[in-house]
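The following blocks contain the structures, represented as structure tokens.
Both complexes below contain chain A, partnered by chain B and then by chain C.
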Partner chain A sequence: MSAATSPEVIKEPSMVKQKEMIAGNYDRLTSTKESGEKVVSTFVPGNLNELIMCFDMVNNLPETNAIQNGMRKVSGGMIMDAEKAGHSEDVCTYVKADIGMMGRGNIAPNGKPMPAPDMLLLSYTGCFTFMKWFELLRHEYKCPTVMLQIPYQGDGKITKNMRDFVVKQLKEEVIPMFEKVSGVKFDIDRLREYLKNSAKAEDNLVWVLESAKNRPSPIDAYFGGVYYIGPMFTAFRGTADAVEYYDLVRKEIEQRIREGKGPITPEGDMKEEKYRLVVEGPPNWTSFREFWKLFYDEGAVVVASSYTKVGGLYDQGFRHDPNDPLGTLADYCLGCYTNNNLPQRVELLEKYMNDYQADGLLINSIKSCNSFSAGQLLMMREIEKRTGKPAAFIETDLVDPRYFSHANVKNRLESYFQMVDQKRSGASLAAA
Partner chain B sequence: MECFVGIDLGSTTTKAVVMDDKGQVLGRGITNSRSNYDTAARVSKLEAFIDARLSLIRRELEKVPAVADRVDEILSGLTRNFRREQFVEQLGDLEQTCVANVEGPRFAGKEKAIIGALTEVFRRLREEEADKLFAPTAQRKSDFFRDLAGSRFMQIGEEVARDAGVPFDHLLHMYDKSIIEVENRPPSADMNRKFRTAMERVRGELSGADLDTAALGAPIDAALDVDMVERYVVGTGYGRVRLPFPKEHIRSEILCHGLGAHLMYPKTRTVLDIGGQDTKGIQIDEKGIVVNFQMNDRCAAGTGRYLGYVADEMNMGLHELGPLAMKATKSIRINSTCTVFAGAELRDRLALGDKREDILAGLHRAIMLRAMSIISRSGGITDEFTFTGGVAKNEAAVKELRQLVKENYGEVKINIDPDSIYTGALGASEFARRAVVEA
Partner chain C sequence: MSTADIIARCEALYEDLDFTAARKWKEADPSRKVIAYMPVYVPREIIHAAGMLPLGIMGGGDGLEVIHGDAYYQSYICRIPRSTIELGLSKRMDFVDGMLFPSICDVIRNLSGMWKLLFPGKYVRYFDVPQNYKDDVGGSYYTNELNELREGLEHLSGRKITDDALRASIEVYNENRKLVQAVYGMRSREPWKVPSSEVYLLMRAGLVVPVEEHNQILRDYLAAAEKVQASKRDNCRVVINGSFCEQPPLNLIKSIELAGCYIVDDDYIIVHRWLRNPVSTSGDPMQNLSLAFLHESIATAAKYDDKEEDKGKYLLEQVRSNAAEGVIFAAPSFCDPALLERPMLADRCSEHNVPYISFKYAENSGQMQPIREQAGTFADSIKLWS
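Right, the complex of A and B next:
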């Protein structure tokens, strides 16, 4: 069942706006031959959209292409194509979906072929696979490639040295490469203007994410959350469109709170909020709607998630700062969730459990993503120990449909929700 | 009397437990799941109520001094003769269904001969075979109607067909066409009549055996007069979503297994259940509440089906694997957890000249290694440890498990109940009881 053919998905104005924004960017990408615009490919964590805009270039994100293909149920065939071409079954399925997409003519969701990138910008923010992925793309496109080395927060903090190192690379390697490829001279004041827009939109994004502290939560911060982070994490951070979008979303959520409504789902307003969960790990995209339905049918709402922080931990205080344009880009890259170490991740999840009064933690472990999955069971145990709340572990994949077993996931989730119930009634009996 | 029922719809068998309001188990019932969960639920429940009725009869008989020391003997006779009544009743149903199925162009003109042959087959089954099958000393491999009727039908049918000059194929066709229909029809609910008829037979069998059979009347009547009311039912297991129950009557099998294991062994903290298609590692607290669990995902290697596959590969019966593996003098290392690859390793090892029992020992170890991995991911083993599910009946599997538990967790008390197949249904019946009694 694809989103396009399914009966009447309930949509709010902000969703329509976001859809138009995404479609607009694909149209821009697929018409660069006519427009003469230059294309840069980059990743969500460490996406320097404001900087890209300073050079009038169009931002292409292979990860979100893979997600689009996953949600449109075409990633499975692409992955098999990549496997035929020699990529192992265990490799990140975003990579294989991208490789397979290229093999099929690199067709964008609008049906037109994607352009070859004029430049590859690799912000290395903790995911080793990104590096290998862009190596493959460089080999394919033979275009200028720049790597922005982001030191990992192995000790759980960002030092001045780390920050200076990133800024130095921006000045000496990244910006000169952009100037060379685009032919546009870097203008730091232009960057400041975009960063102002970013900060404005970020304020509203944080407000939206934190609205989940209400009871009932007016949003689902995982399944709905991936839509709320959409413009911020992709080709729109720093644009007036994004400012407008987040204004719109905030107003919609304010209205939901006034009306005491729960989150909106593809089947309308969620009725009763029975379970409040924190979720760690990316969602499954190939069965996204079915996966979500397993939650809202049971009255489970996700009140906070780590995945919605892969493109920045705005809710922990970070804002793009127009007064320190390059320093703020460095802070942004260094602070992405993917660049956090295990104790930081545990602390963040624990904080979410407490701040959002969650009933439990759910880990969706991704079969082909070692970067996310390594250490997740240990994280789970630690959070169980610290909060005394029940946790559960399910396993799916990003965009490989072969690794989503609906019956098994359903069985585990139902068991988990009943376990939460049982713990709750056990606790209330003990308290009585 | 208020009764609380738990039904566990497994991939292979469906189990039911009937409990009273004090939490005492009255009866258990089991049937094959077929492809029809509604019927499987009905049949297993009926079986559990039959078993519950026998429990009530036992309670009453134990109060009568004249028969108190012969209760086991009386009950086993009663059970056997009750089964005979059921068998005869279902035979009648099967006969009618077979006769009704004699139609269509293929049998045109031969209807009378086929019906004649069928009538003769069923006459013999009823008048000769029923007595043989349910004689006091007879051994029955299975109490499922299909198994009992099927094997006898084949043999007698062939004789009758030959004598009557009717192709045996035709009779077989009628049987095949009718058996599922009959199986899926619940037996008539008039239990008391069957119990009374069975009791008459027991009296006949025991008369002159130094027993005051007259003293049996009152306790039997007292037990049969108890009105067992089905107050609340909880369903669990893979087929649970197919049950015609409202949602609050359905519980996950993880919770039911946890609670069931707790009821059997209250000190249980870790449960391992290996069933037909999944392996579950469950951690529970002192009240039987699940605190963590892990299951096999994406792949059913290392479950009961794995042994089924190995048995097929070796051309052996499933229940023969354990005893043969126990004869091993060493354990061949099997690396693959994949069922199909294990099959390849098995053939490879046989070709290399390894002994079947040694390879089987290795395969049992491979299953248990996989189970240990699931347990460790659920949080390891905490004393006491309860092992349930069909594989718990396999002595070689249990042996490997004991060894691995000792190697990894030291001395731990390991509980294995012969009725562990009912663990999930037991937990479900307790959930049903709590839903009413503790509401």
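Right, the complex of A and C next:
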């Protein structure tokens, strides 16, 4: 799972900015031979971007590469390459897209080959597959690898023991490895400065996500949401660029609210807001545009989503805290959405349903992703029971085009919207 | 007692999805409690020291009709969580007081939360283990986790778990480990006397009866097996890998044997063999359990290999020490840990010229013909090469 990088839509200044940031990072990544910069590969949820910056290393996120390849419709071939090479058809397609990409020369979106990582930072937040994924990469690259184990919130809370464990690993495993690979000495004050930037940008991100409480919602918090979380969840949190980006987005949304506008879609402003939905689960990337269109064509806007919390539950109050640099990194990693237990996830969705006055819940269940998907059918029932609102379940995949059936998804959504209509008219009859 | 008698009892225990033996144990004394656990490992010593019965749950196998469980899982998720939910919802586990979900994969992890939602009021613990094997890093974390488990069980039973009780329990489980190793050792030496289907049933019995009783079963079996008259067949010797969680149907194990393979090592029900050596009984027992986990546990896909060169080491050691001629990668369908691990292990096998085959199964797989054919061809080709 990961934040999306930018598929093209109508250009607002923030979109142009984000595009430049992403292109800049790919250029940086593909020119490390010349620049001498060192590359660290790591995962999106619970990533330690601020810490990575302290060692002047470039951050490469394989999930984002898989998404890029999904959106450019080349992931399908890569996955099949990996399967031909012996990887099971049953496992996470991000892993196979990444391995298949490697087999094809690891070409970045700018057409240049990506460097082999100098280090793998296995920050293991909210998903077991991460562990195997980087073991597989280490098997290929034979490069230094450091594991940062993030205990799961089995009882729905972060205990002192968990936090101490993460901090200890940071001090005794992660930072020494970074120093060794980068040759840069760790400077905690530098980390504090980056964390200040993070917190500033986080405030604005939360403001943006919560703007969906307006009617009409000025944003789509799922399809549009993946753009808004992009810089925060990837290689930019802690940078001045990210601060600037979130300032820009906030201003643009403020303007939309003033003008009473709905969200921007790839085909312009969304017109009438007919359905307000909460969505659980990551999007499908190979047919992202088509998928989104099925919603905005029907006047359905997503007002809150869990996917936009995989890189942090900022809207539930978490902010990176420069006063406790390592402790805050631990809290951050421990608090990401898929590191929450099922009852917590249900509670959060229920809260979204109420806070955002949603008409229903939609679960996009991803074949690849046990971390998200195992348990979603029970989550759906719980939400229906607790809110009395209708819920629907669709099944797709992240980057494997074989598992996106446009006709099926369309049918399912159409009947779902009818169900919401019926529920509504039933409710208004009852009220009359 | 003959091996056939012993195995008949084990098979009855295996087939009994109402867990009558564990129910009876509990009914014998109103203060008794039963704590269930899922694969792959929990320190049963702590449960035992609390005076409780650890009950291993390996899903419903092929004997359980899953009626409700399927409504909780998409088709692309393995079978064990749905049959486990079925066991819960059909009240077959209504006598169980608590349930432990070891941190082995996202499915079992999420099942722990589902259990909380479905069975409110029951003691449910996600049992986390370290993926860092340094004493003062992963070790301290794990010792504290063990202490939380200890406190949780104390709370449930209303009585303290003393260090002495823990040491005594470690002692009993050390004995169990010794006997289990002896059975495995005997099978490796004389697999014609000790069929794998029997070893499997013996180990399954250990999940559902008190450890003292299991120890006696193992002793009886070892004694009886010595007397078995069976002749060696021209089978090839294989190690099974990838079956550590959802279990294959018994017929699958029998089919592999019928196809001409002696299973000389495997990763079925590894809770019994998780720790390779006895746990020390002197000093702090929690610390000892923790250190044993860090330094004595076997390798499995649910664990992180700290060093790249360690990947596959344990499997190759299994092959070498049991004079195996090949590896069968047999994993449950949709099992992320096993299936993601497989290509790395397969590479190691290739590097060391160890032939292997792979297939997938489900706990309720019915059709054994393809597996028998595949294993048969594998056995034939090994014989041809050697």
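Structure notes:
Note that in this section the second predicted complex is superposed on the first by the 423 of 432 C-alpha atoms of A that agree within 3 Å, B and C clash if a C-alpha of one lies under 4 Å from a C-alpha of the other, contacts with A are read in each partner's own complex, and residues count from 1 in each chain.
One rule holds for everything that comes next: a contact is a pair of C-beta atoms (placed from the backbone, for glycine too) under 8 Å apart; a residue touches a chain by one contact, two chains touch by 3 or more.
Only a predicted model underlies this, so the values are computations on that prediction, with no experimental measurement involved.
Contacts of A:Glu395 after superposition on the shared chain: both chain B and chain C are touched. Contact with neither chain B nor chain C is seen for A:Leu361 once the two complexes are overlaid on the shared chain.
In the superposition on chain A, A:Gln422 makes contact with chain B only, not with chain C. Put chain B and chain C next to each other and count what each touches on chain A; the higher total goes to C. Using the contact criterion defined above for the overlaid structures, shared-chain residue A:Glu382 touches chain C, although it does not reach chain B. When the two complexes are overlaid on their common chain A, residue A:Gly86 makes contact with chain C while staying clear of chain B.
By the touch criterion stated above, A:Asn411 is placed in contact with chain B alone, chain C being left untouched.
Touching of chain A by both chain B and chain C, each in its own complex, is seen for residues 367, 377, 395.
Contact residues on chain A toward chain B in their complex (touch as defined above): 367, 377, 381, 384, 390-395, 403, 405, 408, 411-412, 414-415, 418-419, 422-423, 426.
The touching residues of chain C, counted against chain A in their complex, run 71-74, 76-77, 81, 101, 103-107, 109-114, 116-118, 125-128, 130-132, 134, 136-138, 140-141, 144-145, 148, 301-302, 304-306, 308, 311, 331, 333-337, 339-344, 346-347, 360.
The touching residues of chain A, when paired with chain C in their complex, are 85-88, 90-92, 95, 122, 124, 127-129, 131-133, 135-136, 138-139, 142, 145, 147, 149, 151-152, 154-155, 159, 161-162, 164-165, 168-169, 172-173, 341-346, 365, 367, 370-371, 373-378, 382, 395.
The residues of chain B lying in touch with chain A in their complex are 238, 251-255, 285, 287, 289-295, 297-298, 377, 379.
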